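Take a look at the structures below.
There are two complexes below, and they share chain A, which is joined by chain B in the first and by chain C in the second.
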Partner chain A sequence: MRDRLKTLAWLGAVLVAFTLYPWAFPTKLNLGVVIVLFAGMATAWDVLGGWAGQLSLGHAALVGIGGYTLALLSLRAGVPPWWGLLAGMALTGAVAAFWGWIVFRLRGPYFVLSTIAVAEILRLVAINWKDLTGGAEGLFLRELPRPFGLDLFNRTVEFYLALAYLGVALLVAWWLSWSRFGYSLQAIREDQDSAMAMGINPTRTKILAFMVSAALTAMGGSLYAIYLSFFEPHIVLDIGLSVELALIAYIGGAGTVFGPTIGAVVLLAAGDLFRNYFQQANLLIYGILIILVVRFAPEGIVGGWHALVRRLIRPAPGVPVEVRGERP
Partner chain B sequence: MTTFLQVLMTGILTGGVYALVGIGLSLIFGVMRIVNFAHGEFVALGMYASLLLFQSLGIDPYLAIPLIIVGGIVLGAVVERVFIAPIIAAPEHVSILMTVGVGLVISNLLLFGFGAHPQSIFTWYSTKTVRIAGVTFSGPLSVSFLITLAVIVGLYWVLTRTEIGRAMRATAQNRDAAELQGINTGVARMLAFGIGVALAAVSGTLLLPVLYVIPTIGGVFTLKAFVVTVLGGMGNVLGAIGGGLILGVTESLGAAYISSGYRDAFGLIAFLAVLLLRPAGLFGKSRV
Partner chain C sequence: MSAGPILEVERVHQNFGGLLALQDVSLSVEEGEILGLIGPNGAGKTTLFNVISGYLKPTAGSVRFLGEDVTGLPPYRLAAMGMGRTFQIVRPFPKLTVLENVLIGAFLRTSSRGEAEERAWEVLELTGLVPFASRPAAGLNLAGRKRLEIARALALRPRLLLLDEVVAGLNPTEADATVDLIRRIRDRGVTVIIVEHVMRVIMGLSDRVVVLNYGRKIAEGTPQEVASNPAVVAAYLGE
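Here is the complex of A and B:
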């Protein structure tokens, strides 16, 4: 209980710290919106990828469905964006339920491959179904209604909307860190068969996690669509985006409340710093960092930080040397 | 009828190269139990290596093949030793993330070194065609198909007739039992990865005369390799040949008779169907 409240306090502190961003870096608002949005979407990815341990490399599909639903409803039917956002979340939730129902009978690498395949098929549909999606030329959100007089294309407004979204995503992750549902997911991640023996229905639990993850991702996708205002399948449905979300969460620390947010801040800020030097090759940093993380800090920056703190504050407990050797 | 034959033959020729990409992935999965998400990037690496050899030294891609094979084996073995061997016992998502990382590093280094613009080479045979019974065969693709056959026969010989081939197959069947027989499974894994990478790189060389290459082309081939290996059965090297041909023909027929925009989708749909209905692949369970 105390840990729970402590994490909640930290969560509040993180959000408050972010509210100062527009004052601290007024010239870097674009980067700020992207950092906060990607932090939210990586946290959403982490519900399935980290907490439930079901590595997905197809989340771009959910970003895309969220973005396209909002944009198409707005462009073709004049539906206001907040309804579009909710519709996108409901639609991706339903898609995830069906998608999960099909692919959760697969485990391990087969599951990962199936997520890529589904997302790629969706991308091809978006490119080829020109009457609906505008095809490869993409969609252009020219105007949106102004809720409470707020201009949705104003970067400051977008930043605080994105921050509210990150707050929702972090609250979900926080809830997973202490709820029964969260523990079920972790049990499935650690050992699906034992979890089943404990009375957890793995398929149903994973589908629920996928739906939560999907709806949250779509929420981010809708805001991303507004931020981009012009988007096409190569931006919002590409496997590169799926990989990026997964690596942000993993490098920050999968299955932790703040890991994906830390990953987003580190990776996107680094990408911005080195942009002039690396130009298009900015994913190089992702590649190098994920190799280092996998090799030396499997629990990501958060896990590595905890290990470091433990070592500095409390030296290794005085286990006699002979006991540490390999057991026969 | 001629059109149909034409489409079918083109599919088979393309499928041959797909098979070569897929066999490498399947061999690696069979021996090491890891899915190499950087596989397509090694195809791209092979393309750029051949491009460089052609542009700077004037070496014809087909003559560069022995060089590419040796280079591929060495590079693959080093990558395995440095990046994959340390995490071989970890859960499978770890090796997936590791190979994703290796792939990103390769494609972005290529971007860094060669720039994003498409490049290709023009040889005297690039546009040559052969006509047999009204069906036109692309010269380079036909040669690629023959070389693919030769490489597959060579690989089959290595796997079944040589000591190291037997070691790899034993490692694939049962790692512990292989070790008890005195097989150094570490070396077997290193070589399996090396050969897998070499096969990917050679497919890149074979495709260079008929394709434009960009640094990010690897992702396309990684996906194709997944489809080929899943159709043929993960770890089933001979199945990968069938998987490659099926993919090539499906794409070719689908693009000609249904919709060319969905060319890549047909393979993926077949892939999903096989994953869900027959996860061991279309050709049963045998491995390597």
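Here is the complex of A and C:
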């Protein structure tokens, strides 16, 4: 109970700290929106990839469905973006349910393979079905309604919308950290046979996790579409985006409340810095950074931090604990 | 549902691609008893556990639990009905703490974190794991992990508990503590089936013993009857 409230307090502190960003870095608003949006989407990815341990390399499909649903409903039918956002979430939730129902009955690498395949199929459909999606030329969101007089193309407005989204994603992750559903996911990740002996239905639980992860990712995808305002299949449906979301979560710490957010801040800020200071060498440095984290903190930054704290506080790590035979 | 046996295994066959792991095995277990299941290595004891607990669908035959035909039901359904089991090769959730491991079991009966935690502490108390509650399960020694297997299964509030070699590999003091624990579990009204290699334990604990050899049931009776059964002696010592 105390841990739960402590995490919630930290969550509030993180969000408050982010609200100061537009004042602290007024010239870096674009980067800010992207960091916060990707933090939210990586947290959404982590529901399935980290907490439930089901690696997805196709979350771009969900970002894309979210973005395209909002944009197409707006452009073709004049539907306001908030309804478009909800429609995208509902649609991806349904897609995830069907997809999970097919593939989660199998164990092994089938799920991750299917994620790559589905995302690629959607990308190709988006490129070739020109009448619907605008094809490779992409879509241009020229104007959107102004809810409460807010200009949705204003970067500051977008930043706070993204922050609200990150807040929702973090609350979901926080709920996973203590609830029955969250522990069911962790049990499946740690040992599926054991989880079944504990009364957990792995197929059903994984499908639910996928639905939550998908709807939450689509929510971010809708906002990403507004932020981009002009977007095309090779941006929102690319496997590079899928890999980036997974990487952010892993580097930060998969299956932890704040790991994906930390990963987004570190990787995206570092990427921006390196681009400015090292020009062409930036990807090299980026790669070295990733190797360093994997080498020295294989559990991500959050896991590495916990290991460090444990080593400093508790003596003799790694020695098995003796449970003696005396009667309790 | 009280009158009949809590578990009935009827004429179960298990065929692994030509290898008959179980042949025509039948047994029944009465509510409140401790049934010992013994046999030489490879006799089919763990296979039978896997059939009973839903991890294997038998090639032929049926399993009835609490009077219902549960043949082929998945393990999580059986757990919900009140069947708890441990694994011979212990498989705790390694990264989670001892408390969290037990908590996951307790969540079967309630979605309230508070109630589940209460139940988990109760079980940790009973199994003597309280001092290790906040340690990661991967950090326990073998005795601790075997105890944790029992604790997790108990958190499910089972009516029938299948214990697969929870004593083997423990030193005598640890073994005595576990035997004592199993007795206390039975005294709380839980029916127990125990697979064990350590004869001293089986003979001391069981009300009744079933002996398997090469996938067949070769004897059944009180520990004394079984120990003096020539077929059992032959199976263990060779002819």
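Going forward, the second predicted complex is superposed on the first by the 292 of 328 C-alpha atoms of A that agree within 3 Å, B and C clash if a C-alpha of one lies under 4 Å from a C-alpha of the other, contacts with A are read in each partner's own complex, and residues count from 1 in each chain.
Here, a residue touches a chain if its C-beta (ideal position, glycine included) is under 8 Å from a C-beta of that chain, and two chains touch if they have at least 3 such contacts.
Predicted model only: the values in this text are computed from it and were never measured.
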Contact breadth on chain A, by residue count: chain C or chain B: B
Partner chain(s) touched by A:L150 [first = chain B, second = chain C, both, neither]: neither
Touched partner set for A:L75, first chain B, second chain C, both or neither: neither
Chain B versus chain C as contact partner of A:A117, first or second or both or neither: first
Which superposed partner A:L284 touches (first chain B, second chain C, both, neither): first
Chain B versus chain C as contact partner of A:V266, first or second or both or neither: neither
Touched partner set for A:I200, first chain B, second chain C, both or neither: second
Partner chain(s) touched by A:A94 [first = chain B, second = chain C, both, neither]: neither
Partner chain(s) touched by A:V294 [first = chain B, second = chain C, both, neither]: first
Residues of chain B defined as touching chain A within the complex: 35, 83, 86-87, 90, 92-94, 96-98, 100-105, 107-109, 111-112, 116, 219, 223, 226, 230, 234, 259, 261-262, 264-265, 268-269, 271-272, 275-276, 279
Footprint of chain B on chain A - complex, ascending: 53, 55, 57, 102-103, 105-106, 108-110, 112-114, 116-118, 120-121, 124-125, 127-128, 239-240, 243, 246-247, 250, 278, 280-284, 286-291, 294-295, 298
List of chain C residues in touch with chain A within their complex: 53-55, 74-76, 79-80, 84-85, 87, 91-96, 100, 103-105, 107-108, 111, 113-114, 116, 125-130, 132, 135, 139-141, 143-144, 147, 152-153, 156, 170-178, 180
Interfacial residue positions of chain A with respect to chain C in the complex: 1, 178-180, 183-184, 186-187, 190-191, 193-202, 320-328
